[in-house]
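So, here come the structures, one by one.
Same chain, two partners: subunit A is paired with subunit B first, then with subunit C.
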Partner chain A sequence: MKKNFSAIGQGLFRNYVLIAILALVAVTMLVEPNFMTFANLINIMRQFGPLVMVSLGMTFVIIGGFIDLSVAGTISLVAVVTVTLIDPIGQVPAILVGLAVGALCGYINSVLVLSSGALTQAEALFITFGMSTVYSAIALMYSGGSTKHMRFLKGDTSVIEALGQGSVGIFSVSFLVFLVCLAVLWVFQTQTRMGRAICLTGGNKTAAHLCGVPVSRSIIAIYTISGFMAAIGAIILFSRITTASPVIGAGYETNAILAVVVGGTTLKGGKGSVLRTVMGVLLVILMSNCLNLLGVTPYMQVVTKGAILVIAIWLDNRTQI
Partner chain B sequence: MTIMESSAPLLKLATKQKAFVAIVGMLVLMLFFDTNFYTTYNLLDMLNSTSILLILAFGVSLTVISAGCDLSIGGIMVVAGIIAIKLMDVMPMWGAILCALVFGAFVGFVNGFLVVQQKTEPFIITLGMGMLLTGVAQQLTDARPVPASNPDFMMIGNGDLFGMPYLVIIMLVCFALAHWLMRYTQYGRNLYAIGGDYEVALYSGIDVVRTKWIAFVISGVGAALAGVLLSSKLNTGSSIYGETAALIVNCGVVVGGTSFAGGIGGIPQSALGLLVFGILDNAMNMLGITSYIQILLKGAIIVGIIWMDCFYQKRKRELV
Partner chain C sequence: MEKQTSECILSIKDVSKSFPGVKALQKVSFDVRRGSVHGLVGENGAGKSTLMKILSGVYQKDAASGTVIFDGETIEHTTPHESMQRGLAIIYQELNLVNTMSVGENIFLGRFKEMKGMRGTHTSARELLDRIDCKIDTHKLVSELSVSEKQMVEIAKALSFKSKLIIMDEPSSSLTAEELVELVKIIHQLKEQGISIIYISHKLDEIFDFCDVVTIMRDGQIIDTKAKVDLTRDEMITKMVGRSIENEYPERPQNVGVTLMEVLSLNTLKLHDVSFTLKKGEILGLVGLVGAGRTEIVRALFGADKTEGHQILINGSAVRIKNPNDAKHAGFGFVPEDRKLQGLVLPFSVEANISMASFEKFTKFGFISKSKESEIGIRQAKALAVKTPSTKTPVKNLSGGNQQKCIIGRWLENDPRIFIMDEPTRGIDVGAKYEIYVLMKAIAEKGGAVILISSELPEVLNMSNRVLTLFEGRITGEFNPQTASADQIMRAALGMTEGSVKP
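Here is the complex of A and B:
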């Protein structure tokens, strides 16, 4: 009898994100009927864009047993670089250069982590924090600290506008981009050799290395993916809010870590999935939306996010024992 | 191979004393520029403005030496400062300051519970705690600066005794206390032992959980004290100062030679590490370097020094 109960308990515990999402939606629907309106659902879908991209990239870093705080700086840098290049070289090349800059930032991180021989999350955390400062400073220097508005640009910005604001049928374009990225990354994680190598690297680096798993290449892959996904997030974010400031990315690193951990990817590395991260992001976005509708101040939302992060890590740690 | 071997002691020296080397380098460099750097006023001012970071660093050093880390100090600092200023309206000044310190101890206690008793990864959980506390600070102040009403309170951060600012005196007292605790008491030795090897410390009969837990409480109290002093210096409580302080202080501690692997380092080393940032800030201002380049240089120095720390750890692992 007791065993049955514990099995149910375990089942509830494993899917606590899903349960939390359902509970949150149910409560908000009762208290605030505006929640289920079409406009609000579209709004949620749009908010989904930037954070989910950054979180998907972060998922790989955390599965690989590291952490990436540099996404904040990367987002700012990519946004500033892309917006200033639209006039001289056109919008599509500007987007491509932006993505390349993001991937390059990630690659630089991986080179630093690899060459220093950092093995733990702590070391990676401080290296990437330092790099975040460097990228932010470059973004500030490049833009002279000013905010660029899309409507003051002379060039054609139709593609970029469509990314953040357009829609196909009932889906926003950014949501479709998200679905494509999710599918590609999911196949990459579950079906390719590199995806397996990343999981094994996160599980135990020394053992993985001795078994012939390409640990170094995995580390390069995870950071480059993270930088690239942050760049996609930056471009979607910029096109949604139509301005690019050199501090646009601040806060994304903690929110992404929050989404990944809440989704159920363990910080110890080796386990996790991009699908879980999507659930985590959904919970974070829904929570923001519900708290907004319920009239909670934005400051209290920061408190709630911090509390959820702490509790999620604590619960994650308890399930490991 | 021979080059590698012969360069090993040099590399070791440079990585071990990197803070000292950096400070001497900067001081020598400043001799070549015609600035007001070498004036008593400037040097004292630099020490004064670094005092708050140094007080933060002493507490953090204890957690880092015991192979932990405390990234919630930024949050504790701002909330404690706001608590002190807000409570001053309803109770005497010393009561308000005491409440702020008790708050710091409480957060440190919770951190200790999560990190030591529940064995969670200290880096990310204290980062989350810092985020939570930043939100609390914004909620308490409505994200606006709160002015202090008590002129006596302002004197703590701005007054001086025979030309020596109170802040520097308080910092020196904290330094002496922390150094005494780590060097000359059983508690300090135990903390080093825990950082060196947790299992060995456990089997030698050290109450590892309690010892490490207390380190987090001390770190919380230190951060709260720093917050009170910061509020007093600026005569306002505000939620914006803590954002990067936590990461800068933790990096500064590592710059000084205390490693995240735990077990090595000490309070004087941490003080040197934070002074690197203090002198760097001051020297860059004196030379008129623009603020963006200052941010860039700071980031590059953080990366460089943490990189060296990791590299040294890797060397040590390979030699074993």
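Here is the complex of A and C:
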């Protein structure tokens, strides 16, 4: 009896995202001819890159039943560390160090969550919120509070430029990076034992532990993935805008959570998919693009985002009963 | 007609309720006489709760399907609040009290004005509690009360609405034997005061103990309503299950062999120097009050809790178990106490729930083989006769008994040598209980051993080859349930005698 309700509800909810995207695009196309211009589509593609990376990582944390607010700090830290290392050690080693810093930030989060015995999303929320401020502060101290510009660098930045501006055929390089990450993460989530362990951990930690599922390792994995993906996002972000400020990551955590939840991954954990998150990211970016073109003030846009997050969680709870 | 309204507090006629795709109730009719205790029995999913939710106004019956007459008044549409005002109270299994408020405040929640403030609230609450001979201080916080005391507060709350009919949904499921006696006393008092009671329970003993009339439901229909004196136990079970069950329990396993496991001086915060042996082919029952340490023993064995310096010998060689994964590899299986919180991943499929303890069987180089996983799910679901539309169905849609079978199947896939079952039949209907007993027996007869924990003493006494009694974290006795009396065993479990009656 309840099954049918929720099946219809969830079906509607899943399509809800698609319907919302199409409706938004249709309305904007009618009202604002600038929407379908080449320049605007490129603009959308570019915004898509960093956010989708962060959101893909966030999807794992949320499927695992936790949450990660530290990505904002991680992005800022990775961006300034990578940029400042290009001159002394070269661009490719700098990128590798950046990725390692991101993964390390995530790993530290997981160790803190595990060692404090945090079992709920709320506890993880506060721990990662605290760590976000720590990472941001380290980024500020490291950079001396100043923005690093790539054009003032002496070293070779060809790879980074390619990442930010280059394209292969009709696809930008960053889009190809995204496709590779998506494929790897999708396979990881749905086809591997560790991916399943993460889902089970999110579904019911106690039951998973009593079945010998590696719950602690799953928690380490989700946060490390989140940190690593945030690092990729950070590198794509500064390669596009060619500057790295120590507050560059601000706001990414809320946008990523918004994208994941709007995409249809439940905050309760256990269920979700990286593919849905991609839809969620599209919706979030298209929405802000459309609202911009329609001349909605930035303040009102923030209100809209908040409202959508609340509606998405509300719908999710309604369909889960 | 006139006569009926005066005689019956509640009269339900031809009420139906459909949910999309399911007929939850089909033309249900029955009457509850004034001042009677009316038992309502039926397997899980028989429609008892749906019916009660219609009466209390949580659900609405299908439009134009029959009538509900309460206290001479035909009720078409109602809400929980209106029902309460009319004098129909329902006490749910999970009690609805505010833990951080006092007893008096809870009884008159939202009605302080009518009670003229706190003083009025507490004096009126005192009067209500006295009516059921309850001595709880009305200023005490609800969080400090035991489950049975909370139940009394709920009853007092029902009385405060001048209830004429009180529905109790499985009130005894979390009560100890003594607390149940208290509850029965209260039920008799209420009856004397002319209040009718609908008593929903799985426990047939209680129904026979103090109900006047019994209604049996199955598959959304009323199968029979009879006075208790005209009903036999076997007849009731047959009608509930829809087929006759010869015995409530199968015969216990026959071939008890040599020692399989030895546990030496198990100590935790709650356990003191617990040592015992487990033999091949036996079912070992653990008996004790809630908090005596039964669950703690098995959790410690299984590596779920921290322990200090104990030794486990399986087949004579020492085994180290630091976590459930070690236990799994040492050949343990574990059905935890709370099916929903500790056993199942509710939103996941039957298949994923069955396969989650045997990853090794369907993964290679860390990759999952979905087809092999399906095989495992189908194999166990078939072997245990799990009733489910498909193994892809979310496990939360299954009935309690079938959910429990999924947990058992999960471990059977690993061929466990030592199967721990903590309250394996809690909240499960009679038919599924029997099937679970048969499974336990089969595990023992295949050369494994079962450790059984249950709050239902008859279950332990009828299934076990050997019983250990526990009191405050110590083993107080060892009995052969075939020769020892239930009384002897209970005395040991209450810490009154140190004793052992060897087989």
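The rule is simple: the second predicted complex is superposed on the first by the 308 of 321 C-alpha atoms of A that agree within 3 Å, B and C clash if a C-alpha of one lies under 4 Å from a C-alpha of the other, contacts with A are read in each partner's own complex, and residues count from 1 in each chain.
Here, contacts are C-beta pairs under 8 Å (C-beta built on N, C-alpha and C of every residue); 3 or more make two chains touch, one makes a residue touch a chain.
It should be emphasised that the depicted structure is a prediction, and the values quoted were computed from it without experimental measurement.
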Exercise. Looking at the overlay, what does A:Ser136 touch: subunit B (first), subunit C (second), both, or neither?
Worked result: first
For this session: Have a look at where A:Lys271 lands relative to subunit B and subunit C in the superposition and call it first, second, both or neither.
Result: second
Exercise. A:Ala39 contacts which: subunit B (first), subunit C (second), both, neither?
Worked result: neither
Exercise. After superposition on the shared chain, which partner residues are touched by A:Val180: those of subunit B (first), subunit C (second), both, or neither?
Worked result: neither
For this session: Return first, second, both or neither, reflecting whether A:Leu30 touches subunit B, subunit C, both chains, or no partner chain.
Result: neither
Exercise. Between subunit B and subunit C, which makes contact with more of the residues in subunit A?
Worked result: B
Exercise. Can A:Gln191 be said to touch subunit B (first), subunit C (second), both, or neither?
Worked result: second
Exercise. Who does A:Ala118 touch here: subunit B (first), subunit C (second), both, or neither?
Worked result: first
Exercise. Now for A:Leu200: first (subunit B), second (subunit C), both, or neither, which partner does it touch?
Worked result: second
For this session: List the residues of subunit A that touch subunit B in one complex and subunit C in the other.
Result: none
For this session: Would you mind writing out the residues of subunit A in touch with subunit C in their complex?
Result: 1-5, 191-196, 199-200, 203-204, 206-214, 270-271, 320
For this session: Please name which positions on subunit A make contact with subunit B in the complex.
Result: 67, 112, 115-118, 120-123, 125-127, 129-134, 136-138, 140-141, 145, 254, 257-258, 261, 267-268, 297-307, 309-310, 313-314, 317-318, 321
Problem set entry | subunit A partner contacts - residues on subunit B that touch it in the complex | 69, 114, 118-121, 123-125, 127-136, 138-139, 142-143, 247, 250-251, 254, 260, 292-293, 295-296, 298-303, 306-311, 313-314, 317
Seminar exercise, completed: The residues of subunit C that touch subunit A in their complex are 19-22, 24, 302, 304, 323-325, 327-329, 334, 336, 341-348, 352, 356-357, 359, 363, 366-368, 394, 397, 410
